[in-house]
Amino acid sequence: MFINYEHENHVYNVTTTRRDNYYFITYDNTEYKVEAEEIKPGQLKIKIGDRIVKAIITEGKTEKYVFANGNVYKVKQVELTGRKKPKKKEQEDLSSPISGKVVNVKVKKGSIVKKDDVLMVIEAMKMEYLIRAPYNGTVKKVNFKENDQIEIGENTVELEKK
Amino acid sequence: MFKKVLVANRGEIAVRIIKACQELGVNTVAIYSDVDKKAPHVQLADESICLGDPTPIQSYLNIPKIIKVAREVGADAIHPGYGFLAENPDFAHSCNDISIKFIGPSFKVISLMGDKIEAKKTMEKAGIPVIPGYHGAKQDNKSLIEEGKKIGFPLLVKAAAGGGGKGMRIVHSEDRLNEAIDSAKRESKSAFGDDTVFLEKYLDKPRHIEFQILADEHGNIIHLFERECSIQRRHQKIIEETPSPVMTPQLRKKMGDTAVAVAKAVGYSNAGTVEFMIDKNLNFYFMEMNTRLQVEHPITEMTTGIDLAKWQLKIASGEKLTIKQKDIIQRGHAIECRIYAENPAKGFLPSTGTLEQVEVPTGPNIRDDSGIYTGMKITPYYDPMLAKIITYAENRDENINKMIWALSRYIIMGVTTNISFLKKVLEHEEFKKGNITTHFIDNYFKDRTVAKDRLPVDAIIALAVYDSMHKKSQEVVRYKEVDPHNPWKHVGRWRVSGQEEK
Amino acid sequence: MFKKVLVANRGEIAVRIIKACQELGVNTVAIYSDVDKKAPHVQLADESICLGDPTPIQSYLNIPKIIKVAREVGADAIHPGYGFLAENPDFAHSCNDISIKFIGPSFKVISLMGDKIEAKKTMEKAGIPVIPGYHGAKQDNKSLIEEGKKIGFPLLVKAAAGGGGKGMRIVHSEDRLNEAIDSAKRESKSAFGDDTVFLEKYLDKPRHIEFQILADEHGNIIHLFERECSIQRRHQKIIEETPSPVMTPQLRKKMGDTAVAVAKAVGYSNAGTVEFMIDKNLNFYFMEMNTRLQVEHPITEMTTGIDLAKWQLKIASGEKLTIKQKDIIQRGHAIECRIYAENPAKGFLPSTGTLEQVEVPTGPNIRDDSGIYTGMKITPYYDPMLAKIITYAENRDENINKMIWALSRYIIMGVTTNISFLKKVLEHEEFKKGNITTHFIDNYFKDRTVAKDRLPVDAIIALAVYDSMHKKSQEVVRYKEVDPHNPWKHVGRWRVSGQEEK
Amino acid sequence: MFINYEHENHVYNVTTTRRDNYYFITYDNTEYKVEAEEIKPGQLKIKIGDRIVKAIITEGKTEKYVFANGNVYKVKQVELTGRKKPKKKEQEDLSSPISGKVVNVKVKKGSIVKKDDVLMVIEAMKMEYLIRAPYNGTVKKVNFKENDQIEIGENTVELEKK
């Protein structure tokens, strides 16, 4: 079985084989021979050599959550063919970081802005989030007006780089 | 004691108050908005009334609606919790008008302390030290910038009506001041309906240390020692502890006496908190007084053995404080960590979603105050605080380890939380040494947006084992027949449980 | 501090100890029998080893097996908990032999205190008051009956090796003495492998009051005040509290000093408990010393703020006690209720079965020490104690109400428990007044087999609503077609969830 | 809908009708008009007039458990026809009150015993239970010997009344 797990834009390529009572898991050129038991649904007790690892896995709609070493990690499963590569999202991001309400629009079509200028103010959970210009440029389109509801990931402003 | 108390709040604090009422034999009424129908405070209360629309202004901030409900259910008192209407003098006044006891100080005191400028002026007159600043009536940007220059930079722009960091901006240079004033005013207007701001000197290596007080309606006032609340992000506390690592018996006495003097100066009754800033030379300045129960009240309860929520009820029903100052003993060490649905790697951006799984650490001297449950939807309507975890141990070192143990067993899946971040703060060498200031997170975790955790090998193995256990062998076979060149198809399909293989 | 501790126990106490170890950074190894595979202590420990056969003698009492496991996993210490091997000197000796630290006093002290006769003789020599009785070597029934007549009735027949009420008989008249001796000997033989018994005067209005002590390996001994444990059924404690309602500061000091003297007389180290009987005139007599952590240790932890389990580990690893007697303050009031799978209406007969649902009350100052989970099978192999619930409040009256609140929200379905019975005791007027003796339950609840609770109307309505919600309308129709004269058929069929109607 | 609930040998006869959003429950000649909601599976919130009642119901193999007013009650459903009447169990009971091990048998076939004599000793969960004669009589049969495993409800001794 081959699976690719995506976590924080990084893809982990894993191969698993089951033989007798063991799982052979290959990752990063290392093979781990482990014994495992599902104590309760989603709750695993895994023996890796002398170490006992306890993990809890829960499935969301499009992702899995794994609790291991005292932390929770959110993981997606991705296909290898490249059709679903992690997006280059961080770069020049003008999308809304949160679902909320647009409380202030500082620019209009044609505005010339400098890097770090505030373009839009979004309020959610009683806090404000500022959308700042990632570079100097000219506003081509403003996608929301004051009091609009905006969803996470929606593009706020189209900005042409100068 | 009251017969029936309406709790005008939600989440963990509503749960806390309902339990305190029930232990004292008081009936409780919960109010809730549509999205909170299944919330723990609703389940726990003896009665519950739906207020409809989840927008705060239509529900938990809707004074006429809440007053109407309180009359209809025959409540003889209202407990406001913290946030929402807890420090709204109009609400306290409205309760008075219909002879329902507002569990808090008089609306005049709320009003005075709610106006940060008036509060400071009053305290200055009473001989209490305050931070240099501008608390004047000139609210145009030009005047404020002039005053700001007089105070010098860095300085703080603060909402007069604010609290909990809302409407607060720190400004390091003159050229950013104008924007900060605009933004603070806007946020304050939206949150409190008032855009008055004031300016204040920003202290060197400042610590936020506050004193808990209890005052009855017969003139008795005691303090219950300090809480160190310097660990903040976005000017909101996330880790609180008591005793403060910087406190000395002499300073404690002096600050405690000052806190009592503050309460006395305004004729205070109820539980309350006097917040101070302390600079590196241990000079302290009155900042503000919170006229309600604080989020971080449990650490005081754990070290003093006194139940503040119960005392609020007793005091409001006219009972006298039976505890004398000399009988209160601060024992051991308590920490509280606030668990937020937020992403520390993205500037502590709130995270919404459904809580797929919630598991809480338990054990001696571990207290979990929460209002969440598996399956709960975290909406953008309310504050993203999910829970508070409080630990107690005989000393600070042991307690830090205990809190790390507890956080490592606090499982919340479905939204991003700050749990791992909290652990990193507790594990930091300077935190362990007690070298903390309100800038701690800015100073030591600036690069938090960069240093993302990689998926550890144990998590990868767990995922691989889980997926191997739960794949349908049938599915694999079917795929092989259909498309032997695409080995990925079957792994894309997930199942909720592995019953077929059992 | 140790690197790795093997916990030679199960249930709540194993959980308690594992958590204490982990907070101190010590690795833990759980042992378990086949039926305990999914038990919480197994899930919590860093490693776990199965001992197989659930019979205690094959698992939790199997010294060679446990010693073997301890060596194999490389444990440097063993914590025995309470019960099982906790007071077995051979086990402590075996640990010594392989240089694994037994977390408890030396095997010589265990041996001395385990022999109730020797223990009393030693204490008499050290000037400690003991109860009149016969602790001699003549163990034939005839001699014992002669000695019994000298002491007078009522008297107690007690197993020399006993504890927790096992092998104990109270005899009110001469003609029942012979049978009681037989029975006590048999039970003692079976439980402890030793049938030596002794006889003791039975006190008037006796209270069972014990003192907690902590003693390090450097000669420092402190006591942590008393626990009142008079509420017992079948000579086993079910409700404990501290402070005792009968205690005075003078008596506390005297008894505390005596408890320390007892520990000193035998060169004690570790946590330990000195048990006293008190008569109605507040005369106290040494009864026995328990050389281990007690079931009821949490109430001392809650009122003193001291973590006894952690101190056991620190002391055993050679650390010095850093707490001085004068620094220990008894604060507020704590109660513990032991929740048993048993039927009080049938003479506290143990109840076995599957725990269909478990829900635990939570809240500030509520501590739940348990080792159970939904789906767990309660077998006849082990003690039927399911959980301990401990509450703390500022005073006794408030705390009794708090405990009643908590018990009213402790839900265990699937076996009969004593929860409702515990509430009835707490609600009893004489209990509230503090008028308790070890005969309390016999005196006030003799008729408990008669007064069975009727099903309250609320429960009937809930059942009716539930069944109405969950009946399959389809089923009802089908039955009507088949057999219109039998209207009962469909209600006999139950469903696990109501998904069809959603 | 008609149901009979059995609790502690007492039968409760209940009629339920569902109309609009109400349940009409008749018991002991009183009709209760209630509103109800199932918050979580098995967890009910019931409004009876002004009162709010919270109840939790769990189903075991042959019984239901209901938690109401702070207590748990174990309830069976019984049929009305009389075929399944509660047993008269309490009377002259020589059955084992518990599953456990027989540790001592005090009588044999033909033994003449007096009321309250101990017939058998059963040990379970580290405690002893004595089976005593409920009346004077003669032992007709002893069903267990020492070290036998005995289950709850199994008859220990057959005793002919004198």
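Just so it is clear, A, B, C and D label the chains in written order, and each chain counts residues from 1 on its own.
The definition used in the following text is that contacts are C-beta pairs under 8 Å (C-beta built on N, C-alpha and C of every residue); 3 or more make two chains touch, one makes a residue touch a chain.
Quick caveat, the model's predicted, so the values are computed rather than measured.
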item: Contact-richer chain pair [C-D vs B-D]; value: C-D
item: Mean-CA-position distance for subunit D and subunit A (Å); value: 56
item: Distance between the centres, which are taken as Cα means, of subunit D and subunit C, whole angstrom; value: 27
item: Subunit A and subunit C, separation of their C-alpha mean positions in angstrom; value: 50
item: Residues of subunit B engaged with two or more neighbouring chains; value: none
item: Shared-contact residues (touching 2 or more other chains) in subunit D; value: none
item: All touching chain pairs, where touch follows the definition stated at the start; value: A-B, A-C, B-C, B-D, C-D
item: Touching residues (chain side subunit B, partner subunit D) in the complex; value: 38, 43, 46-48
item: For the subunit D and subunit B complex, residues of the former touching the latter; value: 39-40, 43, 45, 52, 54
item: Touch list for subunit B against partner subunit A, complex; value: 166, 179, 183, 186-187, 190-191, 234, 346-347, 349-350, 352-354, 356-357, 359, 380-384, 407-409, 411-414, 416-417, 419-420, 423, 452-469, 471, 476, 487-488, 491-492, 494, 496-498
item: Residues of subunit C that touch subunit B when the two form their complex; value: 16, 19, 22-25, 298, 301, 305-307, 309-310, 329, 331-332, 362-365, 367-369, 392-394, 398, 401-402, 405
item: Subunit D to subunit C touching residues, read off their complex; value: 1-3, 5, 7-8, 10, 12, 14, 16, 18, 23, 25, 27, 32, 34, 36, 38, 41-42, 44, 46, 48, 53, 55-60, 64-75, 77, 79-81, 97-100, 103-104, 118, 121, 123-129, 152
